[in-house]
Amino acid sequence: MSFLLNHLGDFGQGVMVTLGLVLLGAAGSVLLGTVLAALRTSPIRTARAVSSAYVLIFRNVPLPVQMVLFVFGLPVLGIQYSLYASAAIVLVLYTAPFVAETLRAGLNTVDRGELEAGRALGFGPMASLKLIVLPQAFATVTRPLGNVFITMVKNTSVAALVGVSELTFLSDKIAVDEAQPFIIFGGAALCYLAIGLVIGRLVSAVDQKVAFSR
Amino acid sequence: MKRQHFLPALAIAGALILGTTACGGSTPAAETKPAQSFPANSTMDKIQKRGKVIVGVKFDQPLFGVKNPVTGKMEGLDIEMARILAKDLTGSAENVEFVEAVTKNREAFLQQNKVDAVIASYAVTDERKKVVSFAGPYLESNVALLVRKDDSSVNKPEDLAGKTVCSTTGARAAQLIGAAVPAANVVLFSTYSECAQALKDKRVDAVTTTEAILLGVQSQNPDAYRIADGHLADAEEFAIGVAKDDAAFHDYLDQLLTKAIADGDWKKAYDATIGQVKPGDVTPPKVTL
Amino acid sequence: MSTISLFDPAGPRAKRRHLLLEILTALIVIAGAYLVFRVLYDKGELSAAAWAPFAEPGLWALLGQGLWNNIAAAAVGMVLSMITGCLLAFGLVSTHAPLRRTCRVYTDVFSSIPLLLLLYFTSLVLPNYGLKLGDFWFLVIALTLYSGAVIGDLLRSGILALPPGQAEASLALGFSHVGTLRLVLLPQALRSMSPALVSQLIILFKGTALAFVLGGYMELLRSATVIGQYYTRSLLQAQFVAALGFLVVNIALGALAVALERRQNHLAAQEPLPVTAAEPAPVPAHR
């Protein structure tokens, strides 16, 4: 088992990188997803069209394909980031449509009366969104959103395709070097499980906190 | 060099009988009259009985083993070597079945006898020698560096300190650069074309692997890349991998390669593949493994 | 977005402003697209040389074959994971506690592990078992392990969402537990969960692109990469075409999912009201 100790440092680094991607991905996709969902409600047809087109394309092109195109294709256009940053950006670009779709379902549950009351009280559209609609929408969809994030944790592994030293990439390298696939991959699986469980707990806690606002 | 002709009289008789039944084996493409007969249960005999050779090759390594995306035909030096083998054993160069062998599973393929031999840009290393047996080599090539044409700062491996260099996961070159220039940042992608693209994009400063492969990339993009003068390693040997304990087949292959080099078959194969990007004379390798 | 309306109906001034903004947005989009084309053109990515390989029909045959391989792996994976999922679902709703717990553990574990990790695992481990499995089966087995768990969970929630009267009635009629599951509950759960199942099929299909790392299976992304290896000027072009291929198939599958969901809602609207007192539930006569 000594090889396990030798590689504990690598494993730790892999977990850190994965966690970093998860956090960046979650934050970014919530922001972008909210913007996308909000654009869908706009009276400006082109804005709605752009948002719908974005969701259609970025949801339906597989993540590995997006990752590869972004890392190798975009530099041609002059846009080039480090591998880590690129992986995080692609993760955000890919997960945002799912957040947007989940939010859309939440938006639909907000009662019309709330909006009408808000308008009667003088709230403009941005204020309505920010103070009335979005908080309630988020509260309704905490669990589905949690599922999106757990899926995103799994999707961080795709960064391995472009050489980012995250958990899956490293465990494959170590497993090949040490020829001990079961133990190494088992360890990596446990790490992913742990991360997923933690997120699940967080989501449950948040869900309970916002339960009475529904 | 060992020769095959130590057959006892009994084996000769048995081989003659087997020789006549060999034609009734699985359907080969053309004539199947073998030039030699081999001891029963040897790999050579198995191949003859089967009527075709099963070789593990790369499907995506231009100049070595690649499936032409347009025509679907296999091309490359490894392929030509396999055809020489098929011709010698079964009488026709077409009696080959190519199985895709990626870097990761080359040893496994031999250990599990999934293929008769692995000819897949297989470089000889001490670790690999522990697990498989190498016959040949059939090619010697340096491990070189590919850089951008307008980048004059990288001319030898030491220049890479502090810069980024790219190779593929599992490639020997990746380990070599890590050992030779620890101050270099190594990035690993799955294919050389991705490394080349990253080089063009200035994401990395150099790509390192076998010179022959780099030449192939450079010849398709002469304005973008050039090969640096300094080598990372000299005379990397590419050989045919066979099962570790199959001494008879190993010796047979050594003999076959020596013959091919002597009577020009090797040169023909080389000229048709790697020779296209590296014109000029080449000294055939000495079969020493 | 039919139910939500943040804005009052637009008056004349607002209408003019909206029109202005629409034109502005459209102009920005067009300008952006033009910029992208310009840069691509300057860098030679739109040139004939880079796209030359695509004039060969053989190349398209390779790409088509690659896409077909994705579809084949996804289809076989879907069938196998449906079977696994059904079995798992049986285990998950079983009254036999150890069985239920084991299935629960399996489901939780395999729906949390990334597909790529599973793929690496199957490609490293399975060859040692000497089975002459090709990379196709590494991919399919990984897909099945992963998807089976997800489908099992889906079907479990589908079964639990059915009105309890269904199970009670069938047990009263003399069906065994397994028979109830198999003949009464599972078919209904399958029907009601069909949109989610098609979504899972889409996820499966997207997952087949990961086989690109295995190197042995010629699926679409890998075919594009091989084209890029052979014609090193055309890597991006090939990847772009591959992206288009995936996009088209996924959009088609997505449309299928939406159509199924609509049909499901339509059927659900015709579903009878929950059973009251002694009246038996009328069985829907249509399919």
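Brief remarks on what is shown
Should a chain be cited, it is by its letter among A, B and C, assigned in written order, with residues numbered from 1 in that chain.
Here is the rule we go by: contacts are C-beta pairs under 8 Å (C-beta built on N, C-alpha and C of every residue); 3 or more make two chains touch, one makes a residue touch a chain.
All values derive from a computational prediction rather than experimental measurement.
When C-beta pairs in contact are tallied for every pair of chains, the largest tally goes to A-C. At the centre of the protein atoms shown, by the Cα-centroid criterion, sits C.
Centroid distances built from C-alpha atoms place B farthest away from subunit A. Between subunit B and subunit C, the centres computed from C-alpha atoms are 40 Å apart. Subunit A and subunit C have centres, each the mean of its CA atoms, that are 18 Å apart. Separating the CA-averaged centres of subunit A and subunit B is a span of 43 Å. Across the assembly, subunit A contributes residues 68, 72, 76, 161, 176 that each touch 2 or more other chains. Shown for subunit C are the residues that touch two or more other chains, namely 124, 212-213, 235-236.
Touching two or more other chains at once are residues 104, 190, 194, 197 of subunit B. Across the complex, subunit A meets subunit C through its residues 40-41, 43-47, 50, 56-57, 59-66, 68-69, 72-73, 76-78, 104, 107-108, 110, 112, 115, 119, 125, 128-129, 133, 150, 153-158, 160-161, 168, 171-172, 175-176, 181-182, 185, 188-189, 192-193, 196-197. Within the complex formed with subunit C, the subunit B residues making contact are 59-62, 66-72, 100, 102-105, 108, 112, 114, 190-194, 196-197, 216-217, 220-221.
On the subunit C side of its complex with subunit A, the touching residues are 1, 3-8, 10, 18, 21-22, 25-26, 29, 36, 39-40, 43, 45, 108-109, 112-117, 120-121, 124-125, 205-207, 209-210, 212-213, 221, 235-236, 239-240, 242-243, 246-247, 250-251, 254. Within the complex formed with subunit A, the subunit B residues making contact are 104, 169-170, 187-190, 194, 197-198, 200-203. Put simply, subunit A touches subunit B in their complex at residues 68, 71-72, 75-76, 80, 83, 161-163, 173, 176.
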